[in-house]
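Below are two complexes that have subunit A in common, paired first with subunit B and then with subunit C.
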Partner chain A sequence: MNVFLVETDKTGLQKFYEEIIGKFETYAPVEKFGKYDYKRISKLDECDPDSPIETTMSIKPLFFPKTAKVMKFKEDNTGTTISETDEDSLTGKRIILGVKHCDARGLQVLDQVYNWDYIDTDYQKRRGNTVIISTRCDKAGTQCFCTSLDYDVEKSDAHDIRIVNGLDGKIYIQAVTQKGEGFVKENISQQSAVGSQQSLEEIKKHYKSFEASFRLKMDYKEVNEKLQKLFDSPEFETVSSNCIGCNTCAFICPTCHCFKITDEKIKDTGVRYKSYDSCNNGYFTLMAGGHNPRPVKYRRWRQRALHKFVYYKERFGMNLCVGCGHCAISCPVNISIFDVVNQVAKV
Partner chain B sequence: MEQLLVPVMCKVDKIIDETPDIRTYRLKMNDPAKMESFGWMPGQFVEFSLLGHGECTFCISSSSTRQGYFDCSIKRAGIVTADIHSQLEEGMDVGIRGPYGNWFPVDDIKGKNLLFVGGGIGLAPLRSLIQYCIDNRSDYKDFTILYGARTSSDMCYKEEIEEWKKNPSLKVILTIDKPEETWKENVGVVPKILEEVVKPGTENTKVITCGPPIMIKYTLVSLDKLGFAPKDVITTLEMKMQCGLGKCGRCNIGSTYVCKDGPVFTYEQLKSLPDEF
Partner chain C sequence: MDYSKKIQEIASKLFADNKINYFVGYKQNSFDDSQVPFLITDPAEIPKLVFTDRSVFNLANYLKPDHTKRKRVGLVVKGCDSRALNLMLTESQVKRENIYIIGICCEGVLNEKGEKAQNCVECVMPDPVVYDEMIGSPTGKREYTINADIRELATKALEERADYFESIFENCIRCNACRHSCPLCYCAKCCIDQETSTLYHGANTSSGAMHALMTWSLHLAGRCVDCRNCEKACPSHLPLHLLHKQNESVIYENFQQHLAGMEKDDRGAFYKYSLSDPDDFIL
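On to the complex of A and B.
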């Protein structure tokens, strides 16, 4: 991990923020009715990069839009012609402030599926154009369990730059990736890089109580190993019985990436869309003719739980859950993926 | 524009009525250069869109050894396929993405006896391989085709089957489920005819099978009884797919993407997958 550090304080950080907000297309958590969401901002006081609770939606839609136009088509008597949509060209540089470590990790996980074999170029462009500036959490939220999973929150390199607190009101701007280092050097003039060893010790002291603030903890390795053998567990039926199939969990999840392709046509012109879908939908695997490999709810939940904690790890080497707790917070019937996998693995 | 999801436009050159609910659409790409460079292997599939109605996954039912066109045989089963049957006419445009997926192991089965077991529309992917093998006849040994349908009018590719029957180097066995007055061939379900009439030897033989799930299920039992090793039985799976690129997540069985790692699997591989197809 890169340890390019710049030491500053609250006013210095604000100055840095203001400077970059003025230069680039910026997204940051914006409060509305006590909840936070990533919105486009033009001034620092519109947003709160240190938002105390998780945002409702992850940063996923900024890379993988809820609904994207794939193409337009037009029919006439000579046939059908396909044309480009008038979506943005994806060339402008963007920054996202106040990203939580779990959300940033979500992108690293998505990279695996979008960059294997066929490469999703739009996703790639958005990734390449965006600098992610994260804020280190001081303590865990009620549904957080990021420290229990297969990645190290302390050493995460999922973001380009992270803002961390030191002792006595000191704030460090730490570039984690090459891209981040270039960005900091380019956009910060008044401060110079500091010796890292002592500062890193200070940071550790400041976040001493972070690990202890987690309500939810689990042994990831054990759960993963147990679930591999529990495909036929009857517990899946119990844990999923409350689910009303609203798919909120999948839509706000930083790592859920299933989508559907639909056409919309009025008279002789139309648009093809790519939009979110979820394995919790009853029709998700329904084939023409009526055959459905996952016709009942518990089988769909089994797919969801095992895909997150077993299959994706097996295929791409990363867990498809980052422990952010978004799903548990927004679920209308209080189902948490943490409870689901632990209850199944416990028996 | 997401290039991966944008189809290439093709013209419907010819529509062939196979059965009351199956039609074969012969397609040619609008750009002749693209058509010439369009290569595929038997068993691969395409995403076929009737723009404005939707996109469906169909295997290519002809072989790339017969150049200048490709066939998709479509059974009327759902919303888009019903629209295709009722609205798609000769000369109209359709969008095609592909070819995607893996293919029948045409090199591994060289020098082997081949036994094709097909049922209903399941002959479509096999037809691509059969044509490929006929066009490379010297690479393969004995050829047996067992094909069954519910009734004689539900048989696909009737004219082509007549040609196969006339070909002295092919053995063709047909069957229908229930007796009919004018029917002179076998009567009975495919697994039964396989055991009682075909009685294939296992030596140096590969079985390639495709058909409705219930037929596959009992055919696998029969093949097991006849002594075929699971690694010598090859089939092609049908799963709900949309992107064909290993992204959209529909066709997952465990950590396997049917659209990328399949659709062609050996029975041995299928046994190692979670029971969810």
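On to the complex of A and C.
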């Protein structure tokens, strides 16, 4: 990990934000009805880069939008004509402020599947055009468990730039990727002292106290190994008994990447859309002939739990759950994947 | 209001007498003082059952076959929840002999901030309207009032109202938690599901959300019992009651002060016909 460090304070950080918001297409957490979401902003006071951890959606929709036009079509007596949609060109440079560790890691996880057998070019373009700047995340939320999984929050290079609280009101702007370093050098006018040994110590300390603030901790290796053999566990039925089978947990999850294809058609013309889907939804595996291999909800929850903690890891070497806890917060009945996998693995 | 012990006793008896296969009640969350619905098939779990002013859900929702497989179920309901039961019974969604209803004379539940929930402040019927066993002392029906937020909405110009609703729908993620948490949305295939739609709202856009949610609220017009299970489920905290309460107030004023599920055999406003109904209005 290459590190480029700038020391500043609250006012300096504010100035940095203001400057870059003026220059680039910026997204940041914006409050509505008491919940936060990443929205396009044009002024700093519209958003809160240090918003509470519990945003409704992750930053996923900025890369994999909740709905996207795939194509347009028109039918007449000569057949069907297909044409390109008028979606944006995806060439503008974007920045996202206030990004949590888990959300940023989520993108690294999504990179695997979107670079796999089929390269999703829209996703790649959005990835390439975006600089990801962190929030000052220094205390875990009630449902967070990002430090318990298969990645190291402290050494992570999932953000391009991290904003870290130091001692005595000091704030560090730390570039952790080459892209981030270029961005900081280009856009920071108050070039102050670059990373001393002492500042690095302070940052280390910051992560120590961050790690200590977690309510939820698990032994990832053990859970992963046990779950590999627990496909037939009766516990899946218990843990999913009050699940109402909505789409919430998958839609808000930073790493769920399933989508469905639907058409909106009026008379002979229409648009084909690609929108989020969820394996906890009864339609997910419903086949055209009417057969449904996952007709009951515990089988759906088993798919969710094992895809997150076993299958994806087997295929791509990364856990599909990044421990953000969004699902437990947003789930109408607070089912937490942390509890689910631990309860199943406990037996 | 803490009826936990009482409910545990009744549940034990129901299991001991082999009257039920499932009991649906509440369990304490481990991380704060909120609760979640709790489905039991094993009497050993009974000591975990609780009921207090944090028991906010409408458990009638778990009578859908997905959850309790049309088996015999004991469940706890508050006034509003029991009104939904009345409708589920007339609409043949559940057999009366298959359910054992513990009705609570409700003192109101709390919202996330710890204040009395808005629907409880406005509640017209806190006592259970259908039950096998009642807990608490009934306080009777209250007067129906049309609330400030609905009255205010009605005074807004049409355009302004449309803009306001649009700003709500913008934040809808089409997760369908609202529909799946409503006990009266029991259709296995729903016309607002994206999977079943080809004409409109197939996409996750705000116009799709508007179309879907308006259709949804019209299917609940004259049936919605204001339990706000849907609103509590919404991950975006959208004020969904505005849709339902607006319908409710229009129906109350135009259709002989109808309020859904208050009496046995109530069919919901749109399934009743009376010669004295005004014919100048179709919702």
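In this text, the second predicted complex is superposed on the first by the 337 of 347 C-alpha atoms of A that agree within 3 Å, B and C clash if a C-alpha of one lies under 4 Å from a C-alpha of the other, contacts with A are read in each partner's own complex, and residues count from 1 in each chain.
As a convention for this text, a residue touches a chain if its C-beta (ideal position, glycine included) is under 8 Å from a C-beta of that chain, and two chains touch if they have at least 3 such contacts.
No experiment lies behind these values; they were computed from the predicted model shown.
Superposition of the two structures on subunit A leaves subunit B and subunit C fitting side by side, clash-free. Applying the stated contact rule after C-alpha superposition, one finds that A:33 touches subunit C and leaves subunit B untouched.
In the superposition on chain A, A:332 makes contact with subunit C only, not with subunit B.
In the superposition on chain A, A:215 makes contact with subunit C only, not with subunit B. In the overlay built on the shared chain, the residue A:85 is in contact with subunit B alone; subunit C does not reach it. For subunit A, the partner with contacts to more residues, out of subunit B and subunit C, is B.
After overlaying the two complexes on the shared chain, residue contacts for A:303 are found with subunit B alone; subunit C is out of touch. Once the two complexes are overlaid on the shared chain, A:265 sits against subunit B and subunit C alike. With both structures placed on the common chain, the touch criterion links A:246 to subunit C but leaves subunit B unconnected.
This overlay, made by fitting chain A, leaves subunit B and subunit C with a least C-alpha separation of 8 Å. Shared interface residues of subunit A, touching subunit B in one complex and subunit C in the other, are 260, 262-265, 286.
Contact residues of subunit C toward subunit A in the complex are 29, 31-32, 34, 36-39, 57, 61-62, 66-67, 171, 173-177, 179-181, 188, 193-195, 197-205, 208, 232-233, 235-239. Note for the complex: subunit A touches subunit B at residues 68, 70-71, 73, 75, 79-82, 84-85, 87, 113-114, 116-118, 120-122, 231, 257-265, 270, 272, 274, 277, 279, 284-289, 291, 293-294, 299, 303, 306-307, 310-312, 314-315. Partner subunit C is touched in their complex by these residues of subunit A: 32-35, 37, 56-57, 66-67, 142-143, 215, 241-242, 244-248, 251-252, 260, 262-266, 271, 273, 275-276, 281-283, 286, 296-297, 330, 332-334.
Interface of subunit B with subunit A (complex): residues 1-7, 9, 11, 30, 49, 51-56, 75, 77-81, 92-93, 95, 213, 238-240, 242-243, 245-250, 252-255, 260, 274-277.
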